[in-house]
């Protein structure tokens, strides 16, 4: 008989609830009235915390969710006749139902990914489009940190991309839905990863780090954010009771809870990968760098596995699935999950 | 010397925090893992509650905020060559930075409002546009309940609009950001107001009723919602940890907390209007029907008043401003606010 | 028995064919190969002619048609969170099936027209929207010259609008589909009407003046046109064999054929109005200023009239229809048409 | 010393003027007035001719140009949350400045081309996106006939694609800017190529075949065209004096002038390829199938070659350029051009 599925799904880091500190912060923030739309002390404090972390007078805009934050960030950087160069595995290409393309009107040009990463050489074929009226005009390069393949850019890799971008009048955007996991994986500070490297705009994700909701769009070149408030409002991403978004971020930043949460998730991925590697029929695609474990599985057993404990196929053509850990994953969850997978595949 | 401004701003019902029941529900919902994107028991329960209230097998989609919910509702009803007929004071015209127009690509045609309301006669001039390729094709009529002028449609008025709409192959959309306040004001049930009248799609707002965040888009003709999940995702309005939105709505619906909250807000508006009417220089535009009090003020004193306790001008050409009450407004807040206004205008 | 309907329809100035000079120019321009997309001597010559006429180093872009030219002109001036203020009778509001709104993503805000004209006072209510993130941001004022009600702005009226616009950081756009008729009506030169007054961008229409096709978008502040070539291409308005558009415009400008064509059309409108005023049941709304005659008719006879010789209703609520003359209208056409109308109304 | 460059550019088939029959038809069509927007006998006749050719009661819409026709065709087939699968070399990806993406709001998903063609296997990875709200929903497959690499789909290849599409609830769109060249190349009739194979919508291009301007969007499943007139108008593609577009198409179809023009262009490409193959340093990439010759060139000499007689680079990474022939190319042009290239490369 199969064991009970683990309480904690490995389908997504969104399947976790919220960090206890976050819930406490929501309770505390419900302290009488406050002006709406960001004109409140919670919002001001969280913005200051982000500025301290990036070490720059950045523009910080709270948004509801990750797709919205990508839409807002990209829409401030682009005119409709311009284009975004990104990898074919990018969240903005695969997982946002075409939201950024629809809202911006701009072309999203996917190029082949290298283990989820965009390499500078992949930009080459599009550079000669610049200045020719027939072609969409390349203007933004967008990368994800952590990538959708679970890999992590080094700060050197980001700096190199930023340098290539700026040399060709391109801007660098980072979808940082899991940026905390990347910081822990690389041992970098946020300032080292985004400010020193030359990133122009990034999404500072905290939903997957343990919030109920909320992401921030951070413009490291504030002049790009001149009109960003209008874009955010128009995109339906202005948080009316802003204090509740800001208080969550503060709760995660205070005492470096965000880094502890990310470190835990990353460690659970290591544990999961180690255990998974011992299951006959399971191949761990590469050692996990952050909190995603990509595995090759006997694809004819996928339905049984999903029925027991749901997770997402990642590349059916390559029999590849993705297992995610989070701040809330426990060693017991890992043990229960891998035991079930082992038993089903042996069955 | 001026008194301290009231703790509770009269600028917006969004300036209130959250109802205590809502906060308790957030705490309770943080109970271990749950699948993301709505596949969880909290979401299923809240959807069932809404279906019970409307008395129909409606399609219910949780969204982040009011602008987003309007975008999602309208975008499911419209092709880009079609148009929305609405009043020039509508939230989708005035207060959403053009979000619905940008996202749908459709034309939003504002017509003159009658105390905030759309009258059937105002649709006339656009009906002969139907079928002529040169003109945007009228397809949706959108009204706000409560209106932006603080007035409330009777169920008869809504039923008449719905009848006119359907006779002309138009759909009726209701922006119900404050629908609870309208129910209390008219003594109607939700089923009477939206289902029996023939509304096609409405926003079921609960942020202004006392939630931290969250609105639902309700399709009363579910066949219109066939593609609504894609629209929601594309619009950046899919709540990843859906249980936290759903749990809030349930907390408000349980024991009719939502109606009690609305009734309180409406009563505070009555109190505010009565007191305001005694202040020399202040003219209450009309007896409040819900939780908005529109007043005419000596416009040269506006800056002083706003500096003391911020509120929004509503129609500068008519020296009109808007004061909002909420579930959290207290009689003391009303007393403090009106005393300050009286003193400033006397000064 | 009814007379035969006139050969020349009074429905639209587009019902005329092309001026003989235009056809001759098309024949002449088919002279061997020429590079596509505007890199040819015909295009260069026509651009120089327009620059001479406006007396400024304007940017001149040929487009296919009037809707396309309005889309291109407006799209170069607007970001999606900005808005266009225009009258509710404007071609971009009524007669382009929502094209400019869809393509720009921007809000088009119609205000009440005064005999087809936009008055500076109508801008007032929207100026305090500037700088507030909730509202679409007014950026462009668009007027039509000749207006859709057949009236003509004086150069003083345009100069006043331009002054108000620039004082409030707004740009002035002119839909000049019938600008030649306006020049003749006012006795102004093009430089006096658009350059001296301070217009920022205008459509220089020549289809209705006697071309087979073609309009030019003229940026009088060339810095606004930096990206205009991309906009035109993206809008599907780049004329591949550009020489054939340019040659037509040159044929109309050479020897002031365009002004002669417009003068003839205007004169025919005078004749038509004079004759129509004598028909029992027909009321000429106002003395025609250009080539449109607006008339009030016994509305129950509209079908009979249209069946005999088609024309467009203009304001059914006011029993108003529009009769257009063109460069090709003859006094005989006027006589035949008015005789038929007289007979039908008497019948 | 270099010879004079050929009169006829090999940069584009748009560099040719118009077929003499087309010019004669424009002269003849300028025969008095005609109602605008397609309600005229020229338009009716041309539509009937297209219906005869496809052997089906197709919906036929005249548009101005190729980008516009692609925009109109695709926009009638797509909702914004849906996607188009096409090759990375497609005109709608590379050469329309993002117009179809901007206007439709839909995702355009480029896949790797196989000598310019889309292979059914390339659709695989996107089929499991159907029905999952996170992903753009594949709805249309778009191919170009002739492809941008100069290759031609056989009718069997098109039929196979159509079968795969329809099995997966996808529609097949063909950008037929050079469809006449493909018909000649394959010896097929239009009915065999688009109707018998199961194409849903195609662009019937005639600008490159010898018109001054004009393309037709043909819906072979007329129910898809229900709203197409609104789309065309909104896209700025409604030809006001429609007769002049229609008369050109008729002139080309009468006596099969269009096929003769295409046959001549194809023959000139054969001649060009044969001659080019003898030039040291020039490699003809593959035997031309239609009117494009792709060549690999010593890339360091590109500037000299372009300065002498302009043509477009096609794939700089592969040192590949494109030479186009047209109905107007002469054997002398080919001789002059190849002699110049030979001399420059030898120099």
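A, B, C and D label the chains in the order they appear, each numbered from 1.
The criterion applied here is as follows: a contact is a pair of C-beta atoms (placed from the backbone, for glycine too) under 8 Å apart; a residue touches a chain by one contact, two chains touch by 3 or more.
Computed from a prediction, not measured in an experiment: that's the story for all the values here.
**Q** Would you kindly say which chain has the C-alpha centre located farthest from the C-alpha centre of chain C?
**A** Most distant chain from chain C: A.
**Q** Could you see whether A-D or A-B has the larger number of C-beta contact pairs?
**A** A-B
**Q** From the C-alpha centre of chain A to that of chain C, how far is it in Å?
**A** Computed from C-alpha means, the inter-chain centre distance equals 50 Å.
**Q** In angstrom, rounded to a whole number, how far apart do the mean CA points of chain A and chain D lie?
**A** Chain centres of chain A and chain D, defined by C-alpha means, are spaced 41 Å apart.
**Q** What's the distance between the Cα centroids of chain A and chain B, rounded to whole Å?
**A** Here the centre of chain B sits 32 Å away from the centre of chain A.
**Q** Multi-chain contacts in chain B: which residues touch at least two other chains?
**A** Residues 37, 80-81, 96-98, 102, 105, 133-134, 137, 230, 233-234, 238 of chain B each touch two or more of the other chains.
**Q** What part of chain D is in contact with chain C in the complex they form?
**A** Listed in rising order, the residues of chain D that touch chain C are 7-9, 11-12, 14-18, 20, 23, 26-27, 29-37, 64-68, 71, 96-99, 102-103, 207, 212-213, 230, 233-241, 243-244, 310, 328.
**Q** Enumerate the contact residues on chain D facing chain A in the complex.
**A** Interface residues on the chain D side: 80-81, 83, 94-98, 101-102, 105-110, 124-125, 128, 133-137, 313, 315-317.
**Q** Which residues of chain A touch chain C in the complex?
**A** The contact residues of chain A facing chain C are 37, 75, 79-81, 105, 133-134, 137, 227, 229-234, 238.
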